[in-house]
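Labels A, B and C are assigned to the chains in the order they are written; within every chain, residues are numbered from 1.
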Amino acid sequence: MSTETIPSTVAPAVHSRGNRKQARRNTLIGWTFILPNFLGFLAFTLIPVLAAFALSFMEWTSFTAPKWVGLANFQRMFASDSFWIALRNTVVYAIGHVPLTMALALLLAMLLNRKLKGIGFFRVAIFFPYITSLVAVAVVWNMLFSPDNGPINQFLTTIGIANPPGWTSSSDWALPAVIITSVWRDMGYYMVLYLAGLQAIPAELYEAAEVDGASAWQRFWNVTIPSLRPTTFFVVVMLTVSSFKVFDLIVVMTNGGPGRSTTVLSQLIYQEGIGEGKFGYSSAISLVLFLIVLTVTVLQFKIQQRRER
Amino acid sequence: MTNMAEDLKAESRLLGTGLPPNSAEEDRRTERRRSPREQKKRTTDLVIYAALVVLVAALMVPFIWMVSSSLKENNQVLTVPIQWIPTEFVWSNYTDIWTRIPMMGYLQNSLYLAVIITCLQVLTGSLAAYGFSKVRFPGRDVLFLAYIGTIAVPWQAYMVPQYIMMQNLGLTNSFNALILLQAFGAFGVFLMRQYYMTIPDELCEAARIDGLSEYGIWARVILPLSKPALASLALLTFVNTWNDYMGPFIYLTSNRLWTVQLGLRSFVGQFDAEYAMIMTGSVISVIPILAIFLIGQRYFIQGIATSGMKG
Amino acid sequence: MKRTTLAAIALAVTAGLGLSGCAGAAGPAEPQGQEGKTRLTVSVWNYEGTPEFKALFDSYEAANPDIDIEPVDILADDYPQKVTTMLAGGDTTDVLTMKNVIDYARYANNGQLQEINGVVDTVGKDNLAGLDAFDIGGKYYAAPYRQDFWLLYYNKDLLKAAGVENPADLTWDEYTALAKKLTTEAGGKKVYGTYHHIWRSVVQAIAAAQDDADQNSGDYGFFEDQYNTALDLQKSGATLDFGTAKSQKTSYRTMFETGQAAMMPMGTWYIAGILQAKKDGKSTVDWGLAPMPQKNDDGKVTTFGSPTAFAVNKNAAHSDAAKKFIEWAAGEEGAKAISKIGVVPALQNDAITAEYFKLAGMPTDELSKKAFTPDKVALEMPVSDKSAATDKVLNQEHDLIMVGERSVSDGVAEMGKRVKSEVLGQ
């Protein structure tokens, strides 16, 4: 946790033959903990996911038996404009959405992690965007973004921007508009996670830092941030994953438009798969999506592990 | 090691909470003196209040529209320009909705699903998380990555294979299908594992020396310490289950099994939708979430060390 | 120890609840099939909000006491997705309602539906509007019972105030001029001359119908005139602009029922909706129907529409009963049952039309009746396995032209290019 604590392994790593028994015991114990969840996970998530991956090498309409086509789906995908546009939009969305949401969620959690009268109310209020009906979110934000008479552009005009963006009615600005709305919507959700993470930081770490004469900023940087690392890893991975899977908000807010300017991969997967019955092709897209997210996650996992040591 | 954990506990007892020691209590105690430092603190509080009020106002705007729309005639909802205050308050929406659709039954179904799925998710998730964070065995990290990996696959991609499997097991059109699908997700395992990583291993070590088994450590040391994480997992799982639409839509066919989200969508017709009713139902369906949140958020105040002592 | 006990109790409760299965099912009880009756299952969307289904089922049950119809109620929004998923799982629902011809093409081409030529012959091929759409190589896999087509709704008061009594035989140019004339702004309340909903069909399907062109062809020059008309209306402020209508999810019902739009091209399904709104006192609009504006002024009325049909599932549990039901629903009896609630049946003859205009609240003027009998109703979208993919491309490009990001000629060219490369594989 901090530099003072000596890293310890709970069940020591295996070094010699004599420890083999210990290792076997650990494996057994580990599995008994994991098993209740793993059984359900294996049967109802992992197997269907693997089945979907297998489908990406086949052609399947869901009415007739699947037919092996090798890499044809992937060839078609890489040759398709729509795929590259959706991939680009998804990546841009993630790059905008992940850091902004993370920073704001942490900021809010810090702000709300204190004893104040009515703090419960404020915490709930910040969670509100996440539980507000998506239709309401879409209608109100689109009104705020309205190019001619929306409050956002009126404000931009008064501060001297002559040509404010067209937001959701413009191909160039629709994605930023969606990102802003999604950050607004999701920050309360991730705040809850950070709030829980903040509770795990032992108070004496702050005490010690204060005794050493650390400023508030230094305490934040040297105590809060390192202690939150596991939470941050979780938040980063979940945010990345959910950004790459974003669906509902975009469907309700712009439905991928104007044109294809906000079409994302999961929309493509939905349309091609259950929409048009090309399940092999849609599985191929999801396999690519999976590989991208997995790479990002493993990278983050390695970084996190190195820091822990 | 043991001593360290003891020290850790003892020290935090003195501090009272896991919060940085600038708590409100302290403020009150020293209010009269008002040293420059306390003065500064009060100002900070005021600034924070002001910031929060502005923030909350900004966050609530769409919700306000939702409430306002729930009090309108249907053909007054989606007007251009937006009308914030109904010309005429249609309170009857709130009485009509119970007869227009079996709202009470839908609420019960949603509640039933959300409670069971949340309980199972929290229980199995925190168990598995202990295995993934506090026990070392070969293959652990690979398995863990497989868990995270599946989160990355959009459900739209494997929904049909999954449905076919469920159909073969004879589980479709029942709550069991949804419970089995959603209770064992990777989300809870991942969340809890990350939280357990922040709990110092010394605490487990101390307990082990005291003669507790691994299961004992989980139940009596780790679990009590992870209340904030359990609360946030329970809260988020509850909200996600409650608001889920696609899952219940695909798996629950009989009207008597429908959840609130399905009920609300039944106001959407082929060519138009009754948005006034949808908004009314949405406002009603937010209330249980608020209740859960207000209960759950109280656990975000207790620090790690205080709860650790009771275990 | 207390904690472990608590945990154990929680576990027991959860397991108990979980095992008891449907104990939590608290919705309305399902009607149980009665002894000796055949239980026919029919997939429908939004059962409560789509009264035609109940009207059909009730009348059929009354006429056939040995049949018990059980609707499989599916939400309207994602109806095809759910039906596809269910069928993939081997579902045995007897009758499948085909929401549109695109889905029909997919199910039929994949062998998911039973051939019902016999049913179609009994009802009479000549009587059924929209039947051609269901012809796949001489075989019919579904029979239409309902046929919606597009016409022009107008607000009689607003037109009268502008000195136009009778918007008959309009060409698109006359319609545009009229819309501009009807646009007013008084006391902060703007009245639009017309309202074009955001669907691409408002521009594209009508252009295809009146030009007798194919929307799957990949050549879309025939869209241009219609786009110019639509954009002209939008620029002059005679209709709400597309960007606003789309982002604000503007309801066409609101626009017309609150008198914000003087005219509105829309499908016949809205007749039932506006009748209801007037009956409930939620709208005071005095409305009438006129034929769609035309490209040519030869006096012929060409519009577009789309049929709704019943089909028999390949895995149906009661195939024969299902066919009997469809024969009845597509025939005279079924047509009468749905006319009574303002739904336009596929089976059309003078008697049924006359019956239809007897509905309380229907406008009775001659023009409205004329609007109801167009000379030609083209299909909104051709029946083809390409239609779904084309539809997607045309929608995306439609957006771009309507928000003014692409010029009409560029947009139309891009549509052709994309459909050719992405759909037709040229």
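In this section, contacts are C-beta pairs under 8 Å (C-beta built on N, C-alpha and C of every residue); 3 or more make two chains touch, one makes a residue touch a chain.
Note that the structure is a prediction, hence the values are computed from the model and not measured.
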Chain contact graph, described as a line, ring, star, complete graph or other shape: complete
Chain pair, most C-beta pairs within the contact cut-off: A-B
Rounded Å distance, chain A centre to chain C centre (Cα mean): 38
Centroid spacing, where centroids are CA-atom means, of chain B and chain C in whole angstrom: 39
Whole-Å separation of chain centres (CA-atom averages), chain A against chain B: 16
Chain C, residues touching no fewer than two other chains: 84-85, 88, 244, 248-249
Residues of chain B touching at least two other chains: 78, 82, 123, 159-160, 275
Residue numbers of chain A (touch at least two other chains): 62, 135, 139, 143, 274
Chain B residues touching chain C - in the complex, by the definition given at the top: 73-80, 82, 100-102, 104-106, 108-109, 112-113, 115-116, 119-120, 123, 159-160, 163-164, 166-168, 172, 174-176, 179, 219-220, 223-224, 249-250, 253-258, 262, 265-275, 311
Of chain A, residues touching chain C in the complex: 61-64, 80-82, 135, 138-139, 142-143, 145-147, 166, 168-171, 254, 256-260, 263, 271, 274-277
Chain A-facing residues of chain B, complex: 1, 8, 11-12, 15, 17-25, 45, 48-49, 51-52, 55-56, 59-63, 65-66, 69, 78, 81-82, 123-125, 127-128, 130-132, 134-138, 140-141, 143, 145-154, 156-162, 165, 180-181, 183-191, 194-195, 197-202, 204-205, 208, 214, 218, 228-229, 231-232, 235-236, 239, 243, 275, 278-279, 282, 286, 289-290, 293-294, 297-298, 300-305
Of chain C, residues touching chain B in the complex: 3-4, 7, 10-11, 13-14, 17-18, 21-22, 24-30, 45-50, 72-78, 82, 84-86, 88-91, 99, 240, 244-245, 248-254, 257-258, 267, 269-270, 273, 277, 282-283
Complex contacts: residues of chain A adjacent to chain B: 1, 5, 8-13, 23, 26-27, 29-34, 36-41, 43-49, 51-52, 55, 62, 111-117, 120, 122-133, 135-137, 139-141, 143-144, 149, 184, 188-189, 192-193, 195-197, 199-204, 206-207, 210, 219, 227-228, 230-231, 233-234, 237-238, 241, 244-245, 247, 265-266, 269-270, 273-274, 279, 282-283, 285-286, 289-290, 293-294, 297-298, 301, 308
